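Have a look at this one before I ask anything.
For reference, chains read A, B and C in written order, and residue numbers begin at 1 within each chain.
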């Protein structure tokens, strides 16, 4: 197993379930998500106990999901509520998944329901604070989600994969620092007095700043279990304090990455960007989203090809250089969480 | 094995072999079908004994099939007739399949040829009687054909899968009766004094009857081995005798379903409708065929998703409710026929 | 293993690597081909030793290939040259492949590099002699390359597969002669006083000869290891000496076929035609190339269907008739070369 199941993962966004149920595989579990009449989101196994039909092909009635094959009415707890002309008391229960709508996402706990505590959902300051704006999207990628952890915890690749947007030569000429604090891994890189690349020049203009002067640029990557990566990124006019510069002298954003395993070899990539400048400008939000979508699609080809190579050569050991420390330390935390879920564990 | 091979299955329709040979897999056998110069249909293994080329890519010459690779001439009995410059007496024989053209279909016997008796082909009264008209089509579906047996022997699903055409709430509020007579399973449901759904309102108009009055509606499903399902369906103006009403007061059809296994997990679905009203109206035939084609395509998505779910959870036992009795009893007959073909059988 | 790896195979044509690197699998080896700044072609494993990225997605810098993920600089010898901020001396070496550009093709040796001798590359007289013109193309075919060896070493199939272009009935009415000389297999067929089929009538016109008179036609197929097949083909006005006729009385070409295994069940087919008449006429070259491309695409469907049939029936023995002798004898040479590469071999 390459992922912990006792964890909160982003499963989908509200727009994906508002019109009709959504069938999606998360951590190898086929799940039907739907919005109940009471507004709450529910998630049950996508398997009708009657004949195995896919419940997500059905429709919502009150707080229940009606199977689109023979009309079995499934409750949000996995217990059959009713079925025309049938006594359903003895019907087998299906799995129901703890699910929470928060911060503009639907979060699901694919593991043992009794261990799910909504208080443990990763706190997202920017999602609740009106001084921030957010835009994002979703990609399906045919790779082990841990390859994306590596990718995001080492931004050296921007110089190569994203050379026309956010990449610049100074990135891979500047050493990174990586440290682990409990279950939190932080990798940072600071580049002073450099020219901003195109994506950041556009953001400078978006905040009414000149785009033709040297800047101080920073990247601070934060990994948190199970596989959420928030990256503080930004540029300030050079010499104004960099990361700590006054808001009027910089543009500052958080790159938001929720990596959700679909299967062992495929993943859902929820990506986005939160910013705290010019937050009412919805055109700017759309423009940043489009730019980021293009940039992040460049990673897809690289990671899917890497995945194929690794499957062909499972015996090969990859190198773990200093630039890889962010991924390596993050994977150690993942490995520990996965091991803790294995049956041989005697005490928690 | 999920299907008997000593049985007559519908393999194709005449239009599929008139212009050139047809390669089609039936019950895991790759078969080349072709029409001989004498008008008869022949069926041989789709494997040239010379180098394994696919014979169905060749062409017909006289009563034989010429391999399109090196010109080997294959006879309809599976014996090589000739080959340019070669003595073919010692060439290995390939399998030839008993095949019969009848009722507007090509029937094939994929099992032991010596047991094939054309007299055992399912009799289709409507196919020979000028008082009936027929229209139909073919779908390829990625599911075990037995899921389609279940589907057709329990029409409760019409309320859900076909809600805009033939479904109506009264279907799943009305109990069904199922009985087995030898190798014949019959499930019926009678709904009195209901409003007809759209598909049947169109048929009432097609027979010059009012479509805004209550009707008595019936469904009588007949399963016969190996997997032919004929469903008597119709509506009569309410109170005129229902199923037994005078022809001028009703519209009555037979839904024709020949389910032919392709492999263990895929099938050919020959569907159609025979009617005994307004039979000369070819526009009506085309209109019914188009409507039925849309309705039956709705089942495809449901069954293919169900098949995926069942393959992921082979250990799960499906429920067998009263509404499932038609499918359950039909499968028992199939199981018996399959068991009878296994090697451990000592006497026939 | 169905192919020798210690051999020179055609990997690609120069136009495929001039703009950017090419990733291509040859004999189950994933290889990155690229043109160095010095003009030489290089070939290394398509696997970055850092994290397994596909090197062919990167770019060329000087004589090296830069990984497009994190900027590792790979040398043409499989040794890492450098990487930003890293000491690379201890990086594992990847495989480098002997590669030669000659005769308008890139040749690769996928086996043991120390055994590669460029002098052993198949000599192609027509590629260096200004009295010859050449045009060709590349097809990817989903079949064992040995099925193509069979195909090309027995041209009987032209009568059937290519009936509208180069096929004619006299081909399969005329016996073939096959002989093996060392590692060279030759199959020939001579047809005197026949009418030329459409493709050859066009070539007669292309050389200013009448196309409505009887001709003497010949086919001489040459197999050389590992899987290169050159076929001398042509027609001469009847009675002027046939194969030996004066150049002004005939049209003579060499069908060029380089069969390169991709995997055990798929292949790259480099096909073309060299001619020694009207060699300055580039329109004629383009016209022949287009015609040949159409003819050779007809083989693809036949061979891919044959491959599927053989995979379904691995136990069946194919016939080996006199017309198959060319393929049979060629395969014997292949088998011997493959056996010689197996570990149990004690002395060379």
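Quick note on the criterion: a residue touches a chain if its C-beta (ideal position, glycine included) is under 8 Å from a C-beta of that chain, and two chains touch if they have at least 3 such contacts.
Only a predicted model underlies this, so the values are computations on that prediction, with no experimental measurement involved.
Superposition angle, chain B onto chain C, using Cα atoms only: 120 degrees, a multiple of 5 between 0 and 180.
At the chain A-chain B interface, residue numbers used by both copies make up under half of all numbers present, so the two copies contact each other through mostly different positions.
Chain geometry summary: the mean Cα position of chain A and that of chain B are 48 Å apart.
Within chain B, not a single residue touches two or more of the remaining chains.
Residues of chain B touching chain A in their complex: 150, 154, 156-157, 159-161, 172-173, 175, 301-302, 305-306, 308-310, 312-313, 316, 318-319, 321-324.
Interface of chain B with chain C (complex): residues 30, 46-47, 49-54, 57-58, 66-71, 83-86, 91-92.
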